[in-house]
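Next up: some structures, all given as structure tokens.
Paired with chain B in one complex and with chain C in the other, chain A is shared by the two complexes that follow.
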Partner chain A sequence: MASVELQGLHKEFGNVVALDDLDLDVAAGEFVSLLGPSGCGKTTALRCVAGFEFPDSGEVLVDGKDVLGLPANKRNMGMVFQAYSLFPNMTAQQNVEFSMKIRRRPRSERSKRALELLELVGLSRQAERYPRQLSGGQQQRVALARALALEPAVLLLDEPLSALDAKVRVQLREEVRRIQLELGITTLYVTHDQEEALSVSDRVAVLSEGRIEQIGTPAEVYTHPKTSFVASFVGTVNRAEVTVLSASGKTVRWGPAVLKLETEAFAYHDGDAVTLYLRPEDVTLGLGRNGTIPSGGLFNGRVTSITFLGPVTRVSVRTEVGPVVADLSSAEALELSIDSEVSVDVAPGALRALAS
Partner chain B sequence: MAVTTAVEAAPEPVAVRIRAPKSRRSWKGSLRWLGVLPFAAYISIFLLIPTGELIVDAFKGANNNFTTSGITAVMHGQYLQSFTASIELAALSALFGGVLGFFLATAIVARGAPSWLRSTMVTFSGMAANFAGVPLAFAFTSTIGVGGVITVLVKHFGINLASSVPLSGTLGLALVYTYFQFPLMVLLVIPALDGLKQEWREAAENLGASSFQYWRRVAMPILLPSILGAMVLLFGGAFAAYATAETLSGSTGNLVTEYIANLLTGNIIVNTQISYALAFGMIVIITVLMIFYAALQRRANKWLR
Partner chain C sequence: MAAIAVPTSNKRRRGGHGRLQLWHVFWIIVAVLYFVVPLYSLLQFSFEGSVNHHSAGFHWFLTVFDDPQFRSSFWLSVQIALETVLVSNLLLVPTAFWIHLKLPKLRPVMDFVSILPFVVPPIVLIVGLVPFLQPFTFIYSRPEVLPLIYVVFALPFLYRSLDAGLRAIDLKTLSEASANLGSSTLGTLVRVVLPNLRQSIISGSLLTVAIGMGEFTISSLLSFNTFPVYIFNIGQSQAYEAAALSVISLLLIWGIMIGLFLLGRGGRTSIALGATR
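Coming up: the complex of A and B.
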């Protein structure tokens, strides 16, 4: 177990700024995800930690000690790649034993430890198989076992599940987390999949263009996005341009409706343009009784599409302020059909405003 | 009011194995393979028929009777020596060319090598691999032959190049052959080197391996079948080569191919059955090589697709 600090990491490729003075602290035993769209610098950051890439400036500290001077093969970090990283000429067990063989550990110790690790990732019966005889998910399990063999100070994973089927992906991410908790190993996990990041991490760092937009627990990042980028990248969000009606009263005008925001800090002035963010699950829809026009909402609208997503159903409504998307429980949504007239309301406290 | 959904960032590109789509079962599709017919005809007429004829002739006596006397004869004396000489030359030149070509190829595909280097070297290799016969012989005689520029030059320093490494000897010929062998090796192993994934190197490094340990435990075991397969091809090419050696050694040549040529052109009066028997011997050796090559290819394909 070790802490990891990235301090002012800067890296340019030609005129592309891959890392823009990135700072990140990971506590010992913590699981931190680097989440962001393709090309935002996640892999570059991870590779700087692993020693495959060298930052133009900045530092990488492990337990407070700068490791940038160490070559990759002396850093004692376990790395799991996206795919196809197993040595094809070795069985699963030989792959796991590789690092111990390099360290000249005795044969019996090696094979005992390798079998333990394969057991840990649920593959003890596949020890003799070659990578090409394993499924993609099994290969990644072996890669994880292999990365853990020398009890590395830090575990680094670069989109380890992105080449797998959706179902295996969900199953395996939970196992990665289980194993991480069991071993208490400090982990940096790179992914572009927000659901994956939110579901397994202690904290999520949302990256955009080489810098961290926000870092926090999954719940913080999801419910209190600090920037427009985070609000839109993490989860689905309704966005509306509104004007501040009264700064002291924390009210804004959204079409015909006047809304009160329940934010502590409301650093705007009367008449400022701000952007409202609203999660679909915080939108409620009301139907009029017996064909009457519904009332009681902020405004009315007509249903334009209904998408069944399993437990929830996503409903789009055309309103006078533009389209609004609501996630209803699928049972509730059964009452709706295309063109139903509905009233649109918002759960109290769900609205967030950010400067436009 | 706008709605944004979590940007479904495209997954990072992953190499995907694409299977050839199953051909539609129309008569057009099912007959498309007939396109190989001209090639098959070509092969049968100019390879299989002569080979068959040659094999028959190798076992045919003076009055059309079956005999193994020709075969027995070429397994002894000067003829046996000609096989040994040819094999030695082929093996030596395959070894020189193979080793040199392999190292050159690794330098060409190395990470950080400028991209023009690769295209230049591949083009050069394509040409040099076909540089043989009289022009190649001339290139060497005019430089390190008896009266060659370099031979004359180093003579001032008391080195007698022409007598220490005569170009008509096995070592000399092997050096000459290396000229077309190593570019051929470059062309043959570059695809195999390309098949080494960057992840393997990085994973090895991450697991504590030095560059040497990576080559020894990962890259070499994976590449070995490809390297040996390529060297088998080099061996076969050198074994069957004729023009370069004949130009350099003239009538003193003792390679199988030179014997066959001499027997066929009537430079030496012997029964032609011997030349058929010699050719038959070559066919046997080449067949063994091809079986060996096919096995190595299968092995290589297991790891490098």
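Coming up: the complex of A and C.
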């Protein structure tokens, strides 16, 4: 187990700033995901740690020692790539043994360790198969076993599941987390899939334009986004431009409704324009009975679309303050139809206000 | 419901199909005759003539085998062909690897350079090379100079074969994976890249062998008695022996090619000849 620190990493490709003085501390044994859209610099940061890219400035410290002077083959880091990277001319076992063979480990030790690792990823029966005889998910499992063969200081995963189908992706991400916890290995995981990042990580770092917008536990990042980018990128969100009515009372006006925000920090002044963020699962809809207009909500509206997503159903409502999206349990949503008149309410404490 | 097209007349369809088959067969026969008739004539000629009022049989072949010049020229050509394969691969495999991995912008330049030997006639090449090579007397006067020249002729075949092989694998990812696992660049080339380029190297080398064994112009101009030069000299005065030599030459080259091809197929990778996966 080793800690990893990225200090002031700066990297430009031509005129494009890939990393903008990025700082990140990963504790020993921690699983940190770098989450962000394409081009945000997450893969570049990972490749700087691996030794495949060299930053223009900054440091990469592993257990306090700068590793930037070391070539990739001397850094003792295990990496799983986005593309299938198994050596086509070697069996699964030979792939896993590869790094041990380079270090001239005895044949019996190599073989034993490789089989243990293949067992760990559930592929001991496929040890003699060539990559072309394995499915995509199996290939990535072998790649994971191969990356772990030399007990690396850090495990680097560069969108390893993005080429797999949805079901395998879910299975494999859970396995990655299980193995990481079992081995206690420090892990940096790059992904653009927020669900993946939130489900497996100890902490998630959300990146945008080469900088970390926010880092925190998955729950913190999801429920307390610090920037509008994080609020919009992580999960689905309703946005509304509102005005601060009373800074001391933490109240804002949203259309006809006056809302009190249950937030500790409220650094705004009376009359400030702020953006209100609200998760769809925090929106409740009330349905009028026997053709009556529903009451009790913040405002009324009409259902414009209903999208069945399995356990939840996403309902879009046109209101006087603009469209509002609500996630209801699918059982609840059965009562709704297009054009149903509904009242819209929000859960107390669910509203987040960020500077516009 | 989608409409299904049904042939209006089975008879017409069958008739049209039959006519096409006839043309197929006709052109195949023409193509086969074009290549087979000269070979058959050569083979027949090599068995013709009479010796002591008996059919020649294998007489011309045996005569040729008995000629010490045959053996020396043949082994010289084999040696030159193998040296050409060795030098070409030593020069081009790392070059192609580096260009693909580190300098992909140079690929179009290499593509252009690699077709130049097709458009530059051998005589032009040798006229340009002689003044350059002459001061290096230790090599210029020895047949080992030929592989150094033949490398140029092998360039289009070997480089293009390697290029196709390298395009067929994800070289960047494989190289990075190898480095991440502790391998040096040379180790990556030897352990990862070469086994996956096996078919490309073999198919390029096959053509290089054919060049090394069959090149006449340059070896003749530089006065080396290689196998093609020997065949030409024999052909000036001994037509039957020349025919037998041509047959032997063809069989040997085919044998070498089949051997190398089978060697390549014996590999565990599924990369097909021409290096496409």
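Note that the second predicted complex is superposed on the first by the 356 of 356 C-alpha atoms of A that agree within 3 Å, B and C clash if a C-alpha of one lies under 4 Å from a C-alpha of the other, contacts with A are read in each partner's own complex, and residues count from 1 in each chain.
We take it that a residue touches a chain if its C-beta (ideal position, glycine included) is under 8 Å from a C-beta of that chain, and two chains touch if they have at least 3 such contacts.
Just so it is clear, the model here is predicted, and its values are computed rather than measured.
With the C-alpha superposition on chain A as described, chain C and chain B clash in the combined arrangement. Touched residues of chain A were counted for both chain B and chain C, and B has more of them. Within the superposed three-chain model, A:Phe31 lies out of touch with both chain B and chain C [touch as defined at top]. In the overlay built on the shared chain, the residue A:Gly322 is in contact with chain B alone; chain C does not reach it.
In the overlay built on the shared chain, the residue A:Ser162 is in contact with chain B alone; chain C does not reach it.
By the touch criterion defined above, A:Phe52 reaches both chain B and chain C.
Shared-chain residue A:Phe81: touches chain B and chain C both. Of the two partner chains, both chain B and chain C are touched by A:Arg132. Applying the stated contact rule after C-alpha superposition, one finds that A:Tyr268 touches neither chain B nor chain C. When the two complexes are overlaid on their common chain A, residue A:Arg103 makes contact with chain B and with chain C alike.
In the superposition on chain A, the residues of chain A contacted by chain B and by chain C overlap at 50-52, 71-74, 76-79, 81, 83-89, 98-99, 102-103, 132, 143, 146-147, 149-150. Chain contact summary for the complex, chain B toward chain A: residues 1-7, 9-12, 14-15, 197, 199-200, 202-210, 213, 217-218, 221-222, 302-303. The touching residues of chain A, counted against chain B in their complex, run 36-38, 43, 50-52, 71-79, 81-89, 98-99, 101-103, 132, 143, 146-147, 149-150, 159, 162-163, 192, 194, 232-241, 316, 319, 321-325. Across the complex, chain A meets chain C through its residues 50-52, 71-74, 76-79, 81, 83-89, 98-99, 102-103, 130, 132, 143, 146-147, 149-150. Considering their complex, residues 169-170, 173-174, 176-184, 187, 191-192, 195-196, 198, 267-271, 277 of chain C touch chain A.
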